[in-house]
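Next come the structures, one after another.
You will see two complexes here that share subunit A, one where it goes with subunit B and one where it goes with subunit C.
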Partner chain A sequence: MAGIELGNVSKVYQGSVTALKPTTLTIPEGGLTVLVGPSGCGKSTLLRIIAGLEEPSSGSVTIAGRDVTKVEPADRDIAMVFQNYALYPHMSVYDNMAYGLKNRGTSGADIALRVNEAARMLGIEALLQRKPRALSGGQRQRVAMGRAIVRRPKAFLFDEPLSNLDAKLRGEMRVEIRTLQQRLGVTSVYVTHDQLEAMTMADHLVVMRDGVIVQQGPPGRVYDEPDNVFVAGFLGAPPINLLAGSVGEDGRLHLDCGPQVDLPAFPKLQPGRKVTLGVRAEAISIAAPAANQQATIELIEELGPNRLLHMRFGTAKIICVAPREPALRPGETIPIQLDTAALKLFDPETGSACR
Partner chain B sequence: MANIAAPALRRALSNLLLAVAAAVLILPVWFALVASSYNGADFLAGHVGLWFGKHGLATYQAVITGHGIVAMALPNIGRALVTSTIMALLITIGKIAISLPSAFAVTYFRFPLRGFWFALIFVTLLLPIEVRIVPTFQVAANFHMLNSFTGLTLPLIASATATFLFRQTFLSIPEELTEAARLDGASPMRFFIDIIIPMSRTSIAALTVILFIYGWNQYLWPLLVTTKTSWSTIVMVIGRLSQTAAEGDPVWNYTMATALLALVPPVFVVVAMQRLFVRGLTEMEK
Partner chain C sequence: MIAKRVTFKRTGLPLALLAPQLAVTVVFFLWPTFVALKQSLYSSDAFGLREVFSGLANYRALLLHGNYPATLERSAFFAGSVTAISLVLGLVLAVMADSLGRSGRIWQALLVWPYALAPAVAGVLWAYMFDPAIGPITHALAFIGIDWNHVLNSGQAMTLIVMSAAMKQVAYNFLFYLAALQAIPKSLMEAAALDAAGPVRRLFSLIIPLIAPTTLFLLVVDLTYAFFDTFGLIDSTTYGGPGNSTTIMVYQVYKDGFIDQRFGPAAAQSMMLLLLVGALTMVQFTLVERRIDY
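Now for the complex of A and B:
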């Protein structure tokens, strides 16, 4: 109950752009909740409404049991980490971290204590007297986090904090933020458009699209049981294979691209019904003993521990993850098997999952 | 071969161009310097060349102490320099002190008729002192502001240009910084003082130079609003000296010497601000 509650919150910009449709969301206390979705889906708007930087067109915001809908951002007991760090360029790292505390009238000794503690936690003690321009991207990111930590807020809000870093650093900072968040145990909301970041960091995953929450839950469950074809396609790399088809009189799925697939997990389907089949790349295994399908390899991408096979399956293209053995060559036709327990079916009209 | 020579040749050419441009700019100053080192008679006889004469020391002594030219009822040049400096400083500080907060208001605050007020500030661009000189003089006279620094500076202080330039500077400050400051609990005034002003120092330095020179070069208004010679500005003194030509006894050497002395404070301001200005530029965030 003491996390963040959004009650029917919506946002219409300038009376015309609906960035967020009425949304009710409970963000669990102490965990890291990730808001993920394609750019423009309203994630930042939602986060900024929690921060108080944006006034909701309707609805209420409750943080740690206190209704803060009409409260100034500074008095909401939250701290935010921005995409471009938003460090004050003319202030030293120390002053950047101390500024919020100074404005709150915290004593100098207390400020020094807290800033030094946060700096130690983030490994930036040696940088305290530097100006932001003398820091690398990763260091700036740490300072921005330090500025949030020293406040000891009820909640951390992150808006795409890693998107300005290179891939390697992003991976490191991801782990670092996650570790820090778990150590501090502060309720956190993390906005990203990157599904990998979302999957790896979230305790609670919230997928958004066009101003609406389309699914939420633990990341593993959202990945395994997508409620609709959008969520299925958005999560996972390589993306899920989507193949159109219809259910035959025999209960098998007749794919438009040619092959037929058994559907033991869906015994109650109406014959003749049109569906979209979703097969994750890792749900396709090659050269298995019971293999009953065939595909032709078009391209092989080596990833190191395993490889991606781009294959022609009937007339459609599919991607599968395969081990490095056995040796395969493009052009080869190989037996493959679809893991029937992991197949998803979606309604081609509504996009929602058939269960 | 030609490829290797090309950059060197181009560098030589551009250096030459810069040298010529510098010479063109420096030439009038050089002439003034040379001219001030002859006495009045040599000047009239056309003996002034490109190199110094023998009376340089005497000219500057006369100009600084006032001996020899007191007869013309000229104000003390030191005093005129001080008057000009104070006037230019007051105008500069006044303009910046007024336009910083007004730019802050029109950029960051939503208040009724904001566009109208902003336009109103802009309209003052159409009303430089020369256009409204008679009514402004009347007002100054009625308020007993003749022969005072208030009278010299106040009518010149309102500045749409500076307001507009500061507004542009403020608009270039990323919005995320404003939001970070809001979250950091900075009140609007704290935000203005702690964030906006330090981040605008490059613009402030540039404007200080421009406005100081604007103030320093004022001629018409000081001429009207001062009636006592003791309130003369240095530009007025130069004007008075060059008028002597019409009265039959031109003292070009004194005029040139005074003009050169009048260059010193603006040059000092330019040099002082240039350092801050350049540092501000190199310190700017990407």
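Now for the complex of A and C:
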């Protein structure tokens, strides 16, 4: 295996604050692995341990088959893109990209070749003589990428590289990084707190919380089959609707907010058992032929291609994604249908999925 | 931001409020400057009984004859040495304290102490430590075969005042450099670590260029200090001697004006100092204005 292997890696700060509990993780070779989670979940710590900027309190780090736990960052054959780009402000774009190569004793001609190649790839050839302060956010981002590319490392590490950009640029750079990564085929680890970035970019998605990996897998599968209520709530926008209830004698789910809904065939649950129901916004359809529930519209958010309906369902609030037609008004009570097959059930005590 | 601004209806109150500051400025700064300027254009006889307007004669005599050119040279050497030593030492100490992280704070506090010491007191202490007869450091130096006597040896006298003047400025420079170092984003140093730049290369290719604005600022401050604020130090250690070997511009003004009572030349010298301090201040202002923002 030539990806990155973390064996029981942990990080405890000053003997008391645990940033990362012992974690074992295999980052597949050539793919883009996204570490996602709320701030303080340990994702950045994990990345910095891979980079060697942080020494793990325990465990081992293996990059491309070589144990690098005790190896200096410079000798790990990795390149990193920082959140604030970390460009050297007094150096030109060219020198920024060449610095790491110069320090490694690469010949001038070779440096020029590599920098120009990377600049062409990133479309920043015209900027090579500029200083970072004369660049826009997106351009700086590209230079930071270029600095990583010229090194031709075994792995790219990205630490929230898009969080300083505006929404539109973020969307563009997302695609650009993804395209570039696929073209170069270099093992990449990407840290973000943005679930959209995580979903759209990952080959392999790793969701973290409180210093622990809570779930990992291909993003589609993690989205469809969340192992617990945290993952379900973290992925997806608008967020999943979570409703408390208990299984009735009739085998239906009696929600605390009033309505009763049909349960999926699996898993079989004992009557009287308390569960948390998770319904994705897109699993609620309006005006469907079999509509058997009712909800009252409180607010409509137009998104363009579709719209979000904020509704009162019994006494609870739910959000659903609806097409632009038919015309609806706040205050209207409409028939809705929950897609029984797409319902997710969680144990309210442990938060884990009922399977 | 909301500008806090009070508009006065009449001019009486604001003038009354400004009066104390204006009075201080006029009485203690403008008036003496004017008197000195006037004085520098007059010559008096040996007994100070008669004064004659002599135009720029005092200035001409100063620059062309006597020991003033040597004093200028000496002052430049002194100020240059003090500035260079205190900049380099300040930076070295700041880099070391910065690399310590939190425990660097103790050093920070300790290293600032010399700055709190009054120049005259510092001078007395240095003079004692290096006293040719009873100084502990003099004794220590004797052990390694150095015969220290700054009362007789002009090179040693200069070394002593350069050291003691630099000591105080090291503390000041250290503080500013430490702040500048701590203002460098951590990620920049991490990026450099990944770029295979070792500590020495990081210092020269990243840190020193990045803190250049601080260095420029300190350069002016240190020069100003060495030229103008070292009177007390010299007057409590070497008295400008032996000979004139530690007589720098400010000290010569004192010697000529107060000891020799040659008011014309002394006044002309203070005008020279005024020009110098004016020039340095101009440089400082332009530097502060053009603070390079990264």
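In the analysis below, the second predicted complex is superposed on the first by the 354 of 355 C-alpha atoms of A that agree within 3 Å, B and C clash if a C-alpha of one lies under 4 Å from a C-alpha of the other, contacts with A are read in each partner's own complex, and residues count from 1 in each chain.
The criterion applied here is as follows: a residue touches a chain if its C-beta (ideal position, glycine included) is under 8 Å from a C-beta of that chain, and two chains touch if they have at least 3 such contacts.
Worth saying up front: this structure is predicted, and the values here are computed from it rather than measured.
Placing subunit B and subunit C on a common subunit A by superposition gives a clash between them. Contact with both subunit B and subunit C is seen for A:Leu53 once the two complexes are overlaid on the shared chain. In the superposition on chain A, contact is made by A:Pro89 with both subunit B and subunit C. When the shared chain is aligned, subunit B and subunit C each come close enough to touch A:Asn103. When the shared chain is aligned, no partner comes close enough to touch A:Arg329: not subunit B, not subunit C.
In the superposition on chain A, A:Ile78 makes contact with both subunit B and subunit C.
When the two complexes are laid over each other on chain A, subunit A has residues 51, 53, 72-75, 78-80, 82-84, 86-90, 99-100, 103-104, 133, 147 in contact with both subunit B and subunit C. Within the complex formed with subunit C, the residues of subunit A that make contact are 51, 53, 72-75, 78-80, 82-84, 86-90, 99-100, 103-104, 133, 147. In the complex of the two chains, the subunit B residues touching subunit A come out as 174, 176-177, 179-187, 190, 194-195, 198-199, 283-286. The residues of subunit C lying in touch with subunit A in their complex are 185, 187-188, 190-197, 201, 205-206, 209-210, 212, 293-294.
Residues 51, 53, 72-75, 78-80, 82-84, 86-90, 99-100, 103-104, 131-133, 147 of subunit A are the ones that touch subunit B when the two sit in their complex.
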